Amino acid sequence: MKQLIQDIFVAVSLVFGFTSLVLLIADAPVLDAFKNIWLGSFASTMKFSQVLTVWVPLVLCSCGLLFTFRANLWNIGIEGQIIMGAIGGMAVLRMPGLENPALILSLSFVAAILGGGAWGLLAGLLKTRGGVHEIFGGLGLNFVAQGFILWLIFGPWKRPGIASMSGTELLPLKLWLSSPPGWRVAYAGLAIAITALILTWLFLYKSKLGLKLKAIGKNPRAAVLYDISPEGYYLLSIIIGGAFAGMAGFMQITAVYHRLIPAISSGYGYLALLLVMLAGYRIVPIPFLALFFAGLNVGSIQLPIVLQVDSTLSGVIQGCCVLSALFVLGMRQRRKQS
Amino acid sequence: MLRIERPVCSGYATEAQTIMIGDIPLSVLVASVLAASVPLIIIALGEMITEKSGVINLSLDGAVLFSAMVAFVVAKESDSLIVGFLAGGCAGMVTGLIVGYFSIYLHLSQVAVGFALSLLCRDLAYFLGNPYSRVQGPTLISSKLPFHDMLPDFLQKITTQPLTVPFALGLIVLLVWFFKSSRAGLQVRSVGENPAAAFARGLNPNRIQMLTVLAGSFLVGIGGAAYSLSLKPGWGRPQGAEGIGWIALALVIFGSWQPSRVALGALLFAFLQVSGIGLQSLFPTIPSQVFQTAPFPLMIFTLIIMHYSTSKTRKHGEKDSGLHKWLGILFMSRAPKSLGKSYRQE
Amino acid sequence: MDVEFQHISKRFGSVQALSDVSLTAKQGTIHGLIGENGAGKSTLMKILTGYQAKSGGDILINGEKIALKTPDDAAQIGIGMLYQEPMDFPHLTVLENFSLGCPVLSRERFAASLKHLAFAFGFQLAPKRRVELLTVGERQQIELLRLIHCETSVLILDEPTTGISPAQKALLFPALKKLATEGMTILLVSHKLEEVASLCDEVTVLRHGNVTHHTYAPFRFPELLEAMFGAVPEQKEKPVARATGNAVLTMNNIQAGGERQGLELKNFSAKSGEIIGLAGLDGAGQATFLRLAAGLTIPEQGDMQLFSTKLPTSKKASRIAGKLQTVFLPADRLEEALFTDISLSEHFSLRDPKSSFWQKTETNRQRAAEAIKTFSIKGQYDDTADNLSGGNQQRLLLALLDPQSKLILLENPTRGLDIRSGQWVWEYLTQTLSPEACIIFSSPELDEILHYSDRILVFYDGDIVLNSLTAETDHGSVAAAMTGMRS
Amino acid sequence: MHKFFTGLAVVVAAVAFVLSPVQSHASTDTFTFGLLMVGPSNDHGWSQAHFEAGKEIEKNIPGSKMIYIDKVNPADRPGVTVPFLVDDLVGKGATLIIANSDDMKDGIREAAMLHPDIKFLHISGDDAKKQDSPSNLANLMGKMEYGQMMAGFAAAMTSKTGKIGYLGPLINDETKRLAASCFLGARYAWTEVLKKDPAKLSFKVSWIGFWFNIPGVTSDPTQVVKNFFDAGADVVISGIDTTEALIVANQRKKEGSDVAAIPYDFLGACETAPDACLGVPYFNWVPGYTHFISAAIDNKWNKEWLWLGPDWKDMNNMMSSSIGFQNGKALSADNAKALAAFSTGLGDGTVDLFSGPLNYQDKTVFLKAGEKATDEQIWNLPQLLEGMKGASK
């Protein structure tokens, strides 16, 4: 236990130490920077609710990644899956003839899941059938999805008149997911994220599917002898991963931007990869760490306003957290051995 | 100062006889492709060296940006291109040091460390480089061969290049020799193939890996510097080198861990990107994004062909001939055996 | 050089691999080191090469204490080892393999030296050929030449004859004797008494990490056997041949890739109740045969029938084989049959044929606990598979095996097991499981095959060269067939 | 291992919640205005022009104070929306918010509805023209067409080869309009001033697909500019947000080629590479800002749509001219003189470039002889003009 506290202390001070150093190099006030990040993310319900809007897609992506990591797949294509989910959802929202908002939104949600899942499936097929490592297949598909969404926004789905990087025409108000008064986060988003967490926990830790994914991840060759087809479960896990990413894409268009924009994924896929690594590929820390990461993202906006410091500092802190945690983990393993 | 005015583009006069790709003369296309591929060649070769020793440095994308930033800032402050390039190399080496230490000595997942570092380096570059964005700094310009004027026009265009071009070409030759004929190259390969056996033969796999990673990441840093000091001079957000690291990683596979083929892949990629601009005017109805995104699906497509031909060729062993053999030579790919696995000394 | 071990001990975690081992190998002699699997022979040698660190004791060279931290230290002194599994680089060429790990010399010198040495020893090695295309024997030859080239003065050979042909053996042995007479110190690790007898000047026997015997040539086998095994293992009654029934597995004109030469066979059929032993040198085709039968390897040509059902030539084959109650237990359990980081009870959950959504933790814990009792597995239900010893892993695999299985394919079922555990495995297979089941197993131990099988198939270079009832053949003919000498 | 991560999570969460929330208070005796910039405040382009104008306002209007957020775009600030940033600026005391990008159109409209007592100024857009739009939202834009005409003019005057490249971002009405203006300026210089054969003037537009380079998605502007030069062009006019054109021209110039470039947007854009810069057409937001901020301070705010042009008397007057053209080092004295005459002509109406006969790129008629284009026609230009090379769609 004492060792544990010491390790956490080391990890946290590494993060603070490195970040302070970076701030000093940039000639910025160190303590003020940290203070402003915290104030900018948790100082008011308004800000906290903004943090939650980031928290929702992060949690959704992380849940998806837990499935793929379980099967020992590096689903770096998650960015593209978010994009394709958003495109799928948007396709339904743009469909003429439907009247009932609840129905349209539900259909759009399903389409987003299908869009993300299909893109995941594609990466999975590239791996299982095409022999392309999922990292490269995924990256390539990310670029393709990025090209596709730009083409849609500047082509068939462009705004009347001027196509611009601000994206497609704004959705009608009735298709916005509603938020509590004064809050910026949609009820539905919170509900979906929490449901996703519970479902993921049930699937991964309590169902046979979770066990089988773990088995595949640990030893695909042996899995064949247990009548578990690695190929099938790879595909399944990456489809599930893609589906969760698609949900995140859906939240982005219906609850955050209310339209399709080129950067709809907001880099949450990559951020979620970091998050899941920091959580040690386990579900329990995910909601908390997601809150932390979301807080950094939102709070860092105070830096340019108040201190005229670039807000990419949040990314530096996030990356540094993961590396410090990995470092401490490596040291622990090393200690254990000697 | 006396200077003989060279016609801005002598190709203009002889345009009628020149082969044109879109509206670009062929010689110009070759020269552009060569210039555009140089940083990519250097970066991909750096990564290839690293992977030859069995370590994947996935931080490439961030490392390139970080070293580009450092190179530009240092070159500007010191007003020296050489110092800038060296600083870029050192910045790259720092990322290599982290990946190397974490994976070789702490036995952590190379992919996890590399990915986290990649995002960290990217944001660090933006953060620290912010005060230097879009300011004027030193730039490496093209230089002519000493016997430039004796060459035909076609060659004049191709050979007027920044010094990074001969550097990259020399690097290819050097690495071909290094891995084929040098003792150190053989040791690096042996560690990448079977570190346990290398250890049994008295080598120190960890040290060899670490040194190789450092050397490789130094080159990656030089490649990053080649962006901010030569190909896309200056720093800013976006710099223009974003995403290049991922492409370099794919190129190493495409090139089957052979220097000449990796370089060929980089040239091919640069060709697709450069000719995309020309194609835009040939096919105005196709959105420009299509040409720019095309290299990526094409790269994946090649990897699939590679997988197909590799498995066929393996199955048929050496007996095979004809199409499969041809495909095999072109697309067969084989990674160092212990790539990505960390070696624990017993 | 004289090599002296003084009170060497080595621990791996809680396991005492070596305790207080002392012995001396004199210059110009061949010193045999024998013992059963796991007696500590290889560990002792790896300590001498600096590959593994010792926990206690000293090593003296020519009476002088030396520290060996890495193989480099050992190589500097002139200690070199030929490992049982070739420690080489399959993707590199012969010459590259030859030139790695020696003092600096130009490439030409290496090429010339390789040519010269190969000629002197009568080995035929093409310098440009990639090593992965060579046989194990040839790879060992490269290693041997390399060690000689590096002016090794203490040569350690760890089971040098595993997987090499008699012809290669005939080249190797005189060469070794010649080296010894030229002043080399040779340490030979083996569990094959005939080899030791024909080569060694003196022999040390290890058992459970202790020196139990030391003697000079000529050797008395019973004495050595007793030192190796405690008491001479009693020759049990050969089990009675079992009743056979319908055809279980038939193969026609099969061609498949895999191992060194792939596998080609005309026709073969196995009947229920039969126990078939697969003999052959490593990589001669037995492994491919077993994987074909399990549906894990897809034949390039020909067709196979399991219980009169034609196996498809797709990845579905293994599932269908599984449905037809065929099980396969590979030799490398942790690599191919068990999951690290997954507990015993979870293994039972994975094996559970009934499909259910939930994991049913309680049920599986109970089943695991029962199996632990029945199969006397040393472990708890929530231990992970990688924490079990090799023998217990094999027991776990047997416990996971469906007792109703009709075709049981075993690859080296007693690998890494001590004699008692091995006997226990065979008892379970033959007595507890249904006598209707057809058992096909491969083993590197000819004795095991001769003892337990009703029928023997001998593989040589991807062909079946002998297919005979055990009763109608003998040790000599099987051994001859294994090495390619057709009778 | 998992204990470690759980522990880490707990510590992090604890720190997050223990830090007690403190609300910062803004002082009330100053007039604070917030500026939302789409790009970095030091981009030597569009956003910096706004940033500098804001600084200028702080100097010129006593008691005014600017707070700003730059890089307000989803790529740089994932998940952060305009209404949220407005909340933040308002929380810090801002009573007028300026949003400097077309992209923020929707967000600023939403924010205007959420904060009826705060004034909003959206650069570009035309909400203020609409009946049902919020009354606290005004629009401001500059008539860059004139600036681009001058850029085209300077380019054609300087060009020896008669080949001019136009580095376009993506194809939309605004960019087509600007590219066409540029072409008209160039053609005027070529045929009316230099009296050369119009067929010898080549004006080529290459679109990269976005306002700046995204590797793998857009064409590489550096490469496009190089291609222009390699294909014989000796002047490249940039219509994108970043300065690649100027940088490449500078590189070529150092290598001995006689080339030049014209950047875009920002007065100081030439500083990146002064030697290769013919000049820059730029936005000066000071007059527009002054107008709206004074109105807000004096409670004379109107829902207005302003499309401000240059002060033809003194284009580079920081207080009065919304569009300027700053000559660069590379512009010869003679050409500078010609340019001045040209701008005078534009100012007094003797030179009206959007007048017939003009054809579209597909040779259909845009303006008959003698016909003059309306603002509406220019604003919604459907395709490029005859004589221009490059895609219209």
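Should a chain be cited, it is by its letter among A, B, C and D, assigned in written order, with residues numbered from 1 in that chain.
Throughout what follows, a contact is a pair of C-beta atoms (placed from the backbone, for glycine too) under 8 Å apart; a residue touches a chain by one contact, two chains touch by 3 or more.
Keep in mind that what you see is a predicted model, and the values were worked out from it rather than measured.
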| item | value |
| --- | --- |
| Contact-richer chain pair [B-C vs A-D] | A-D |
| Subunit B and subunit C: spacing of chain centres that average the CA atoms, whole Å | 45 |
| Centre distance in Å when subunit A and subunit D are each reduced to the mean of their C-alpha atoms | 34 |
| Geometric centre distance via CA averages, subunit B-subunit A, whole Å | 30 |
| Subunit B and subunit D: spacing of chain centres that average the CA atoms, whole Å | 35 |
| For subunit C, residues that touch 2 or more chains besides their own | none |
| Residues of subunit B touching at least two other chains | 130-131, 243, 287, 289, 292-293, 296 |
| Sites on subunit A at which at least two other chains make contact | 143, 146-147, 150, 154, 271, 329 |
| Inter-chain touch pairs (all) | A-B, A-C, A-D, B-C, B-D |
| Contacting residues of subunit D [partner subunit B, same complex] | 40, 42-45, 71, 76, 160-161, 163, 204, 206-209, 212-224, 226-227, 229-232, 234, 242-244, 247, 250-251, 254-259, 271-273, 389-393 |
| Touching residues on subunit A, where the partner in the complex is subunit C | 206-212, 214-215, 218-219, 221-229, 231 |
| Residues of subunit B touching subunit A in the complex | 58, 98, 102, 105-108, 111-113, 115-117, 119-124, 126-128, 130-131, 243, 246, 249-250, 253, 287, 289-290, 292-293, 296-297, 299-300, 303-304, 306-308, 310-311 |
| Touch list for subunit A against partner subunit D, complex | 4-5, 7-8, 11-12, 38-44, 46-47, 50, 53-54, 57, 143, 146-147, 150, 154, 161-167, 170, 184, 256-259, 261-268, 271, 278-280, 282, 284-285, 288-289, 291-292, 294-295, 297-298, 301-302, 304-305, 311, 325, 328-329, 332 |
| Residue numbers on subunit C that touch subunit A, as the complex places them | 294, 296, 315, 318-319, 322, 327-328, 330, 335-342, 346, 349-351, 353, 355-359 |
